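Below you'll find the structure, written out as structure tokens, and then a few comments.
Think of it as A, B, C and D in the order they're written, each chain with its own count starting at 1.
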Amino acid sequence: MPTLDPGIGEKFSRRTKRAINHDGSFNVRRRGGPHRHDPYQWLIQMDWYPFIGLVVVFFTVINVAFALAFMALGLEDLPGVAAPHDGVQDFLSALFFSIQTFTSVGYGHVYPGTNATGFLSSVEALVGVLTFALATGLLYGRFSRPTARIHFSRTAIISRRPDGLPCLQFRIANQRNNILIDLQARVLLKTVNPATNDQTYALLPLERDAISFFPLSWTIVHDITSTSPLHNLLPADYERLDFEIIIQLKAYDDTFAQDVHARNSYTHDEIEWHRRFIRAYEVGEDGIAVVDLDMVHQTEPLA
Amino acid sequence: MPTLDPGIGEKFSRRTKRAINHDGSFNVRRRGGPHRHDPYQWLIQMDWYPFIGLVVVFFTVINVAFALAFMALGLEDLPGVAAPHDGVQDFLSALFFSIQTFTSVGYGHVYPGTNATGFLSSVEALVGVLTFALATGLLYGRFSRPTARIHFSRTAIISRRPDGLPCLQFRIANQRNNILIDLQARVLLKTVNPATNDQTYALLPLERDAISFFPLSWTIVHDITSTSPLHNLLPADYERLDFEIIIQLKAYDDTFAQDVHARNSYTHDEIEWHRRFIRAYEVGEDGIAVVDLDMVHQTEPLA
Amino acid sequence: MPTLDPGIGEKFSRRTKRAINHDGSFNVRRRGGPHRHDPYQWLIQMDWYPFIGLVVVFFTVINVAFALAFMALGLEDLPGVAAPHDGVQDFLSALFFSIQTFTSVGYGHVYPGTNATGFLSSVEALVGVLTFALATGLLYGRFSRPTARIHFSRTAIISRRPDGLPCLQFRIANQRNNILIDLQARVLLKTVNPATNDQTYALLPLERDAISFFPLSWTIVHDITSTSPLHNLLPADYERLDFEIIIQLKAYDDTFAQDVHARNSYTHDEIEWHRRFIRAYEVGEDGIAVVDLDMVHQTEPLA
Amino acid sequence: MPTLDPGIGEKFSRRTKRAINHDGSFNVRRRGGPHRHDPYQWLIQMDWYPFIGLVVVFFTVINVAFALAFMALGLEDLPGVAAPHDGVQDFLSALFFSIQTFTSVGYGHVYPGTNATGFLSSVEALVGVLTFALATGLLYGRFSRPTARIHFSRTAIISRRPDGLPCLQFRIANQRNNILIDLQARVLLKTVNPATNDQTYALLPLERDAISFFPLSWTIVHDITSTSPLHNLLPADYERLDFEIIIQLKAYDDTFAQDVHARNSYTHDEIEWHRRFIRAYEVGEDGIAVVDLDMVHQTEPLA
């Protein structure tokens, strides 16, 4: 079994979690040293709902802060504000003036009447336009980041060729309508030594490791020949050796005109034995092929 | 005939439409599962007229909605609005105020006079600036998306070399003035088994599969030697086997500094027999070559 | 002499200009068919002065147009405009109001007092914000476009190795401080048949066709061995065969994180004989190498 | 010892500084000719604090300039300005009006009351919106520039394999949480001839020159076999020959979907002898590996 550490590590003090999670992330943390938290990266990778929440919170906090600053200067410095009734009304008046400044609406029925408020509103106007400059870049960065949305079958299967040769298979489809070109796959087997927790890796040769186009689904196949590291192994061996099938995909995304990558893995308990995949696409009466993403997972027992 | 599925599928329940349309798209739909409709991708790929229409509709709808909300709060809350005459005038006044807020013009002759309108106009101002932040990214995304605008001859032809060897040819030119570098071509033949509807693929070796520069036109040639899958086939065979010539092009775009791809196909009824291409460029008196994109299609009978 | 058309064409009806100009462009025009004029490409490739001029002209024209439209509606519809004296003053008042709307400044001392001006100013405000959204993308596109600014020696030279072997050389340096990595060079010889105007191409093997880094200058050398297409040719042959040395460069730009390309050519009258390059860099007392871009052109006679 | 100039130069008039600094820059200056100072490149590569300072300075200078211009026209041309007390108050009033125009806030309590101020404020409004269009692009360019933040061990070490074979090692880790894929390393040895200051280069073959993933640390190893240029050399030789180990790294950044590069070097006095690296990661009780960036530097004496 040739060893080929893909960079995930071989010597470990104890048993690790799976190498690669289903979302493509690794189970690794970083500490010490010049560890860089990159806020841009964080802001463009987070989900949309938290991102929008963050925008609203940020907008609220900064305007409340400026409103309090205007209150501290005294609302009589903001001519046009209605006669003060109480603190709450004053705060709201200052808040609305702040927002009108921050967004550069500036109706002007309230305006900075003194040097102090003139200066403060100038700073807020600059902060406002720069904030929206930043927001523009963030929104563009979020939208334009090319990501491969590859749909993996929930399980890998041990199937059998018509000629009786056993094989490992899993299936993928594109979740998006964008066109992926020159899709390449690389599949590794991670094995853990139960005694030492050492991890070894072996490349699993594929029946086919690249396709030109990817409009339908693709079943990736490793034949378990006599030279395969999976040869003659039983499900109990898979569990004992804590097998993990590590998958690396690469393609060119024709919409974003950039290369995209995807990763995934199947652990030993995500492998089904003696199954085969049911075809995940059919041709409609109009001659158009229809890929059913739910069907990508569908398997049936071998006859 | 070696088989080489480029990822378009081999086993089909019935006859499919052509594999690749002339615009490079596939005749495939997706359903079920986590099928992702990517609004960004849709918005940057749609044509300009629908896009501009969409912008106008969106701008109208959102401002009408805010105008109705301001009307619900009562126009007496917006000091400066001319004395209300009727619902239509009130609506227009609210609409203009809404637009002045949304675009952050904020003349101020009308302004939010109460907390409710102050709050609503604050929300609209934020929505407005974020909308234009989004629009900025969308416009940039639309413009900066590198796309190869390759002009394909309307038909492929079966021609003949001076030495008598038959060959399959088609011709391409760049529709744009941008400079494409290291243009590579790959040509596949799709054959359909009339009995089973199974599809098989064969790579067609090219006389030349890459050029360094692409200022003029390029005639791509497959020689029909005795090892070619097209050897000794007649037009009736092309139709019976539902031939489709599948073309994949890749180049580096020197304007956008990115790789671009293009696809196209010729079906059996888009192949002309015993023709040759007429040269599509000539040299003017100033020594400058002129490519005529209309001429790219021009063929003449073989002598 | 092996023939290798890099895509520039072999059969021509008459003598053409040089294949590649010193700015990397080709002497080719396009006509007919779906010839695409890409305005984005044009706007990001034009020089800065015309671009700024265009921005000013566009800004002026659109605001003059809106100003005339406001005048047509009547300035009495724009409350706040100073009492009209004459057409010029009215036009200026309308123009200033238009600009205040277009840029969304909206002071509000002049404001739209009727539905007609309310509608017109709403349209102008939308046009304004979308224009600046577009301008944002254009400015970013202009700045962020990766381009290789390669400084070529004004002439190529025919020099001689210490062992007497003649060689063709030219020299390049990076005009910018950015770091170019993995710079690759490809050099072709274009020959024109004086009788037929046919053009043939030959690859000139290089002593070295790639370097890892490019901080200094690089002298690119083709040894004129007995297998070189330049073997035993004299200056008169160079002229008779209308030699053109075609150069294609490719590198990775570490600032823009993208590949960049450059092209150039030397015609037969841009080749100096029996010269050698003078070293274009020296090391200062602080141990820092200094590249002199003017020295890149400097040659001296062979001893 | 095979020579392989990576483009850093071989012939030097005197001893140079190290070829590559720890930040990846070269010790090279450019002068003369069409040397391009690229302001965009400078603005997106500078650190954040100077950049923010520059923004504030630019904003201040341009608004002070416009304020002085408005003062030169006379503040009586700006109706709404409070009764002038002295030059300072006038300047502040003009400054606040300028900022309200530049940021397009335009409250309107002060407004341009004459053609001269109308014209000047129109120019400033255009300059303002274009400035923020530029700032948007600059901020996006700064954030979205893909850079590899590779953490190198402070020293390279001369260690020894279990079988006694000496080897050169250094260690790297990713400072960021982003995922680097297909990380490739190339290592060169620069040697300086003490007599002539000529520099020669040799490629150091690596035990492994690429990894698929890079979640942990990676120890890069050159075995000092009998064919290694380091064979049988002692620390004094390293110093005499002014050894510099030059490292070039390349990877695909999965967050930015682009290739990133990094460079570094170790000079002879940054090499420790007879040491080995202490493992820089451990597995927590939750099965998650923790990389300690401080530990990347940690070595211990060979037993």
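Keep this in mind: a contact is a pair of C-beta atoms (placed from the backbone, for glycine too) under 8 Å apart; a residue touches a chain by one contact, two chains touch by 3 or more.
Predicted model only: the values in this text are computed from it and were never measured.
Taking CA atoms, the transformation carrying chain C onto chain D includes a rotation by 90°, reported to the nearest 5. Ranking all chains by how far their C-alpha centres lie from the centre of chain C, first place goes to A. In terms of C-beta pairs in contact, A-D outnumbers the other of A-C and A-D. Both copies, chain A and chain B, contribute mostly unmatched positions to the interface they share, with under half of the numbers common to the two. Chain A and chain D have Cα centroids lying 26 Å from one another.
One simple way to say how far apart two chains are is to compare their mean CA positions; for chain A and chain C this gives 37 Å. The set of chain D residues touching two or more other chains comprises 100, 104-108, 136, 140, 256, 258. Of all residues in chain D, those touching chain A in their complex are 55, 59, 82, 89, 92-93, 95-96, 99-100, 103-109, 132, 135-136, 139-140, 143-144, 149, 151, 173-179, 181, 183, 211-216, 218, 252, 254-258, 279, 281-284, 286-296. Listing the residues of chain A that touch chain C in their complex gives 104, 106-108, 136. Listed in rising order, the residues of chain A touching chain D in the complex are 5-9, 11-17, 24-38, 40-41, 44-45, 79-80, 100-101, 104-108, 110-113, 115, 118-119, 121-122, 125-126, 128-130, 133-134, 136-138, 140-141, 145-147, 186, 188, 248, 256, 258-261, 263.
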